[in-house]
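Worksheet for the structure shown next.
Chain nomenclature is as follows: A, B, C and D, assigned in order of appearance, with residue numbering initiated at 1 for each chain independently.
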Amino acid sequence: MSHNRINVGIVGGTGYTGIELLRLLALHPFVRLSVITSRAEAGRPVSNLFPSLRGHLDLVFTAPNDDLLHQCDLVFFATPNGVAMQSVVSLLENNVRVIDLAADFRLKDQMIWEQWYQQAHVCPDVLDRAVYGLPEVNRVLIKNAQLVANPGCYPTAVQLGLLPLMEKGLIHDEIIADCKSGVSGAGRKASIGTALSEVSESITAYCVDGHRHLPEIKQGLAAMTGAEVGLTFVPHLMPMIRGIHATMYVKTSAPAAIGVDFQALYDNRYKDEPFVDVLPKGSHPDTRNVKGSNECRIAIHQPQQGNTLVILAVIDNLVKGAAGQAVQNLNIMFGFDETTGLNHIALVP
Amino acid sequence: MSHNRINVGIVGGTGYTGIELLRLLALHPFVRLSVITSRAEAGRPVSNLFPSLRGHLDLVFTAPNDDLLHQCDLVFFATPNGVAMQSVVSLLENNVRVIDLAADFRLKDQMIWEQWYQQAHVCPDVLDRAVYGLPEVNRVLIKNAQLVANPGCYPTAVQLGLLPLMEKGLIHDEIIADCKSGVSGAGRKASIGTALSEVSESITAYCVDGHRHLPEIKQGLAAMTGAEVGLTFVPHLMPMIRGIHATMYVKTSAPAAIGVDFQALYDNRYKDEPFVDVLPKGSHPDTRNVKGSNECRIAIHQPQQGNTLVILAVIDNLVKGAAGQAVQNLNIMFGFDETTGLNHIALVP
Amino acid sequence: MSHNRINVGIVGGTGYTGIELLRLLALHPFVRLSVITSRAEAGRPVSNLFPSLRGHLDLVFTAPNDDLLHQCDLVFFATPNGVAMQSVVSLLENNVRVIDLAADFRLKDQMIWEQWYQQAHVCPDVLDRAVYGLPEVNRVLIKNAQLVANPGCYPTAVQLGLLPLMEKGLIHDEIIADCKSGVSGAGRKASIGTALSEVSESITAYCVDGHRHLPEIKQGLAAMTGAEVGLTFVPHLMPMIRGIHATMYVKTSAPAAIGVDFQALYDNRYKDEPFVDVLPKGSHPDTRNVKGSNECRIAIHQPQQGNTLVILAVIDNLVKGAAGQAVQNLNIMFGFDETTGLNHIALVP
Amino acid sequence: MSHNRINVGIVGGTGYTGIELLRLLALHPFVRLSVITSRAEAGRPVSNLFPSLRGHLDLVFTAPNDDLLHQCDLVFFATPNGVAMQSVVSLLENNVRVIDLAADFRLKDQMIWEQWYQQAHVCPDVLDRAVYGLPEVNRVLIKNAQLVANPGCYPTAVQLGLLPLMEKGLIHDEIIADCKSGVSGAGRKASIGTALSEVSESITAYCVDGHRHLPEIKQGLAAMTGAEVGLTFVPHLMPMIRGIHATMYVKTSAPAAIGVDFQALYDNRYKDEPFVDVLPKGSHPDTRNVKGSNECRIAIHQPQQGNTLVILAVIDNLVKGAAGQAVQNLNIMFGFDETTGLNHIALVP
């Protein structure tokens, strides 16, 4: 199928989500990147900030400019939390569709959002119109959405790992999600805490008492089951660049779970999903085999045939956990084949 | 206090546990390393195999030699599983005390041992005489032991992390232990699976359906509570050399747990332990701050004041998880100050 | 331009060069991978050995099979040194073109080859017919070659870094090439020497007294200048997976070098090369910005305006230093656009 | 030998040089750490900033305080360049001896210092009184020095690698020093350039056109030979925390070099040095075998018996390249055995 290219703009784009989005869009056959805005980098060639793009992208950062953005078919926000909500209304009024890679529109409940993000929301009315951009759950809504809230990295891995069980109501009691992430998840910024000499050769948990992705995951799981879910979510920082490994522990003691073939349940649920790969029984997915690709790989275990299931889910936090999923959403929104521009094979070794 | 040096021998010692034991013993003021045996390396200077020891240790590997070992006060086995049990009886009969850093004497139940280690045990009679060498639990028994079974790395972190709760009977229901280890835990051997190009920049769970440390941990926890304990234990491989981070999830719904100040419980339990450091409330221990030291650091969290406790425990798998704990046991057995030769400060950064 | 797909076979392919070749060929629009042979892995799906290829490549390793290979238009050898020379004559006689990614046909002088590779060459007559596959030097010869000897990784970086100077005769005196490589250059094999715990957090030189790439580089440089060249080549092992950084030191005291604008010389020499990128004056190329891409990036410095030039050249050892260059040669041999299937943007971060 | 403890103060000490100095001094038997000053961290326990020191050091940062410093026998400056020179005169006048770990007193020529450090020197008169603290060269002067300028990390490795040749006048022509350093050499500070996601899995040269250690090395080499020396020095950033590997290339064509046994020359020169270890012929030192130790390891090669010597020298940049050498200087200055508090064995693996 052949398509005309759509006009795409990016606001921000100077972080790791931004460079990954640029890597994917620069080779997308149906996208014309027409504008990228950054107050800090205005006038600088993108390939000067990100030398990996030399020869692949001939674009210059411009100062924020509504006129240019209004001419786009789609605008991505790859900005810190709290930026997109300043501009989205104006874009929507001009019939520009929007995908926000930050968290401004991920939570439906304004109060919870303001509590976790520690600021007032400037356009709470828009929260209802935003579609949570997890294609495996919301594909139909995404297709017609004007505004897509691209999921967080941890929430993507955890929700995909639990979706088949939640939909069938097979989990009761509390869920444990022990998650491990590469350092790129902390963003591209000057900080001692992400220096190689500080985080290399070390592991640590962080935000055990509460991480912003907790309410996002709880909201997603509740939508799958129709009821609130108990969740303990503990993120850990890993000495590597990319990758998330979510290890989830759930009890199968719900009556409905008796006799269920969990492997078959997962196989069936995801058999038509282009980017979710359920591994054969007994497998242990690793993050390197999805590095640079948009895949989520899942394995389900039932140790010693007990009543605790262990689900392992891995993604590349910058691809399926951010920019790749955003491009997947773009493809859905504009009727392109969902895998367009996303057929990368993981870079191994 | 001044002591005469004791004569110490090592069987094996060509792996990572071995080199770490040599690093510690070479500077131990009350130890004379008199013999180290290795069939494969007989005749080779130890410092030729391990150049870090050049100038610090003037010892040559000798072929296995019972006469030399019988002259020792203490012999360490730093050998693969199944080796120590071939020789221990003869040493004990000659009044040589033994610390086995492998798993031959860690389990009390011969059948369980044979099931998990897939071989017949050649001296099951000795299992009862072996003392499990976790000083924080068994200090008095260790003092007089002829044979000490040095704990595994994961079991050390998990048991120390849970000990205060288990002793008080504050846990009911199943325990989750999600553990992360550096690659040195896999030992020093030629294998594709531990090559830098395979394990760097990646994380993976392994042995989800059953790891040999599971029965060891369950035995230890049961001894603390006097009853069998439900445990799901999932180890993960981390892209780094040293360090274990154990993240434990337990329910506090036992009636006895109502109103307990968990921080105070941990502080009190460990206040006199030289190598267990309970961090202040809200802390997140990291492995780098114990790298090269014999410390175990622990923090206890109760996210959102819910009924799930999250306990974080970190050790250096080669020190408190192996060689350092073995030297701590040696100190106890021979009446030396328990910290002798173990006052290393972690190498940071 | 549209092309029919050519039939391509691979012999070997179970190492890192192999998986990289598979990553590139699986998405090459004009290639049909019809056979991959491996004695050790016969019967095993390729995507089982290399899980990153799940869903991208539906091929099974077959036992060595001349009939299948003879039906190919092109066969790659991704085998250890000394294997390709056993089979090449028969393939050439059957009009199958060959690209050898190992060293069997890289040296023109049989005696030198046998001295460095410590074995007899079984088809020395073929050495003359082999074209050294460095497109920037031999593009025209490659186009019509039946047998291409794909260059080594270090030789690619060093030769591209020195080519403009050598061609103009601007170097006299001895050349220093101080080269640094990621561990994947050592291949995919069980070995203590490449274990993460051995090579992570460390650097070391190796083979200072002589590395097999020395005669290959010297032969290449001599061909550029028409005279033998003095070269000291020291490789170093780096604690990372991919990437080569070659730092070259040359004297500019040749009379011809007076007044030469070296930056302009490099810019001009490479301005039409699709995979060589000369960076602006003052730049320091890094390996991460070519990770996963087929680019060679070069910068040229003249510290303190002295008479020593410092040339910095970086490649991904598995792409431009191996599989990517092999695909580039395939494109040239079959008249495809040279960049077909090679437009990957480096994976950053 | 038994000594009274000397009173030691530290100014600064919040960087990597600082924490390493604290690690070494906390266990030094003849040192009492009585004061550590930091404007930014005043009032904060040192072990709160550096948790590895919990239980080992009971000291609190105080605001800068001349009175406290004047009561010390020795004060270390572990501060940014340009800080020590503000306070040294006053300390010297109060008979406090000083070791500056920064660069303020390393260069004898004020103009060169001001050119490379881009600031005016506030006490140029003191430059002559400062002793360059490389014990292998200046041991006698250090013993009686009031002010010691502790060498830089690269200069330590390069000078120790070349010393035996320079002293004998065996080098003519230009010297190449290709140096590789771990990221901790860049210091502990918030910066994108040292983030794990930026520097891990990558190598790059930097400051090829001129690095501040160039004049320091040239001054040191000139002092060894009595004549100026041509030097090209290129530093590279390595994806690891600690370690410097210096690879030096020199010509042996000086008449005096004919027939010299270079291995014997090095062996003899360093045979009484406690911290320089000349490896056997054919060796390749690696940085991991000196990690955490004060050793410099050196190997000398003459590839293909040509007229280029390759000298390999490795150190831990934070120990022999900074804090360890400073403690070695302290030991010399106060008449302690030179190895006191410095007998650490490298942490391997």
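Keep this in mind: contacts are C-beta pairs under 8 Å (C-beta built on N, C-alpha and C of every residue); 3 or more make two chains touch, one makes a residue touch a chain.
Just so it is clear, the structure is predicted and the values come from calculations on it, not from any experiment.
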item: Maximum centroid distance from chain B, chain identifier (CA atoms); value: C
item: Rigid-body rotation angle, chain D and chain A, from Cα fit (steps of 5°); value: 180
item: Inter-chain centre distance, chain A versus chain D - centres from mean C-alpha coordinates, in Å; value: 46
item: Chain A and chain C: spacing of chain centres that average the CA atoms, whole Å; value: 37
item: Length of the line joining the C-alpha centres of chain C and chain D, rounded to whole Å; value: 39
item: Chain C: positions in contact with at least two other chains; value: 16, 182, 184, 188, 197-198, 200-201, 239-242, 286, 288-289, 291, 349
item: Interfacial residue positions of chain A with respect to chain D in the complex; value: 16, 182-184, 188-192, 194-201, 239-241
item: Residue numbers on chain C that touch chain A, as the complex places them; value: 16, 19, 23, 26-27, 50-56, 184, 188, 201, 241-242, 277, 286, 288-293, 295, 318, 343, 345-349
item: Interface residues, chain D side, partner chain C - complex; value: 174, 176, 178, 180, 182, 197-198, 200-206, 208-210, 230, 232, 234, 236, 238-243, 245, 247, 249, 251, 282, 284-289, 291, 301, 303-304, 306, 308, 310, 312, 314, 349
